[in-house]
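Per-chain residue numbering starts at 1, and chain names A, B, C, D, E, F, G, H, I and J are given in the order in which the chains are listed.
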């Protein structure tokens, strides 16, 4: 099933630069790992903002939550989660 | 280039049922036509609402606007448009 | 899996009273049918408002959406859907 | 009587990690104690956010407030409280 | 126990004047009846708006809801309900 | 004349605990002093939040402002002020 | 004492034009009458909107409310009321 | 001086089509007349919405308001006005 | 021409008290200087908040902005600017 | 194609003054460089706020995003991006 997750990242000015750099690198690695597994189906950057629009293909809300917890930048995120389903006018069979 | 468009449909109670039925049928036909052309890349229903999340692959904002104007239900829509671009962590080349 | 759905009902003043009465009766019947099936797990009235807080136990967002579409009052509803999952501090095993 | 409480937790980046760890452990213990007593009736995690949806079964608003004050993470919480009552279509007798 | 209810009244321009007049008279009578019973503890007009701030002294959220349903103008109201309790600095014993 | 003041208190995590404790004690003393004088007519705790709903009986907005400035916690407060007046359906003469 | 009132006027498309014209004329007459009396101290048009910013010099919130009720366009208004008082840096004595 | 005006047009479903068509034609004529005079400096369509972003070069807020009043679609508009001035980093002299 | 500026002041808890005191004194001096010049036409305190409502009589938005930049507390301010003009019902000639 | 970007700058009180000064100088240089290239088409200051309204003429959302990332003050910005296109009533050919 699909969930859209809109993530807005706010890294406080007071955060330790070294810690932040490490988190950024780990975040990229984790994101690419999840994309390769097919779970992180779409990942787009919102033009002009430190934010992204993502679509996850997961078994359940619990699975989605575990993925979000696994993201190094999660503590700096403000997220909005929207449950999606196949649109009656969609021509794609796998947009469940 | 990609634009996310979130469409919320509110058909007034006073609208003529026959007119509405015609518009709904035309909307479905138009949506499927645009999907087949590759312009309407993703069309998902928001679970629990008369709303959808769509991603369009167009040449420009003008092209996007013309497409929206061509949707029979456009007069009943409240829309939010978000310009997207390829995320630096994306593994997909064509998520421009 | 569980979804919280907050439903706010606004019946326009201009709606045909007979139509509304029929919808209200059908809504109650449908709600009780779904509760007996275990799908509509919790249904509470928000004190002081024509609104409710519900929790659905469904297979997927699609199943949730089909249920919402089946509610006679759906056209008069403003809804907010929140995907839930088991809290790490929960002592209940079935609060998936 | 039932109150829904939506709790959003924001732990400032500057908080002392040791203090935070202690609070998290105490919060879990307190939450499980209250669930066992039947007062904390439902506790769900909001998928994708550091937030929960809870339903408390208490004697009065005062009792609810005392419970909230007793939660170690309360100072880091943004809460929304909604008074609930039995829905006329509910098939459950004890959803008072 | 006490609940603050903020009521904003919006009577549509299209409403039948005779129906509205009757509802206004019935609303006043009902409000005064409830005040005499001690249930409707405070009723203030918000200066400059067709709105009021009220405090109800009731047994439970259900009791509050039944009272709101009994108000002739309820269908025209937008309400906000806030559960109150005795403040630790209050010098009044009965502000439960 | 009456003013409702809704006060939300947010004490920053970085505030000096000793300073905060002193302010809390002074706030309680000041609040009780004002209640005894009849100026602070109603003081209720909002259930589940570090916030209160108060009603002040003062000579003018200036008097109200001076009172608010005199509250030790004022610098940590977010406030909303609503001017009240006697409701035409009120049975109380002194709810001016 | 002074109250700022921000008034936004929304005349429904379905309103009877003759009724509206009469109300507009009466509104102007009433506004000028109140300005001459000194009660309606300031009346400015918000550039680009069917809205105004006004400052009233009245005895109490009740007096303000009665004035607002006396405005023919009041039923079409959305208002925001702000209680004002003399600023400590003001060089004007009568900005009470 | 420059004012940005964001205009959102909502034509009610119940409006008389003939009246609307006339207003649309008059609006276009008026807009082009004002652009030729240099007053309406920029007029852009917001992609995907029945809304525009405009920049007016006028003598004063009053002049701006008179222009807005002269637009046939003004009664159907929701507007937001932002006063602009030359940015210290601007390389254009006439962006006053 | 007239601009209403609503200023909300938030001085961070971490600000250096000596710096703040100096800014407060300078702010008062600057405000009184501008009032004497007739530019700062009205300055009212919002009752119950660290905020003010002001009306400036200036040559242009640029002039307004330069004034705002000159206020020592500007870095701590959240402002809302509303362009005003003479209301057609105003009896004052100089409320341009 | 054109994008409007509304930028609100919030420099935290705790930021290192030297770092901030350097960023401000670099921001101005970068902004003027982009204006000279024709990419940053319009840059206006919002009167009374530390914010600007800009219009960019770019090849794609990606190009826009890279420009925003290149702005030294970007980490301190809250931005809103609006995709624009030529208005059917526009008399300018190049307002694409």
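The rule we apply is simple: contacts are C-beta pairs under 8 Å (C-beta built on N, C-alpha and C of every residue); 3 or more make two chains touch, one makes a residue touch a chain.
As the structure is a prediction and not an experimental result, all values here were calculated from the model.
Graph distance from chain F to chain I, where chains that touch are one step apart, equals 1. Common neighbours of chain F and chain J, by the contact definition above: I. The chain pair H-J and the chain pair D-F differ in C-beta contact count, and the higher one is H-J.
Per-chain CA centroids place chain D at a distance of 28 Å from chain E.
With centres taken as mean Cα positions, chain F sits 49 Å from chain B. Chain geometry summary: the mean Cα position of chain A and that of chain F are 43 Å apart. Shared interface positions of chain E, i.e. residues touching 2 or more other chains, are given as 2-3, 14, 45-48, 61-62, 64-65, 81-86.
Across the whole structure, chains are in contact as follows: A-B, A-C, A-D, A-J, B-C, B-H, B-J, C-D, C-E, D-E, D-F, E-F, E-G, F-G, F-I, G-H, G-I, H-I, H-J, I-J. Those residues of chain I that touch chain F in the shared complex are 11, 13-14, 45-49. In the complex of the two chains, the chain I residues touching chain J come out as 3, 5, 12, 14-15, 61-62, 64-65, 68, 75, 79, 81. Of all the residues in chain I, the ones that touch chain H in their complex are 1-3, 60-62, 64-65, 81-86, 96. Of all the residues in chain J, the ones that touch chain H in their complex are 2, 4, 27-28, 31-32, 35-36, 42-48, 52-53, 55, 82-92, 95.
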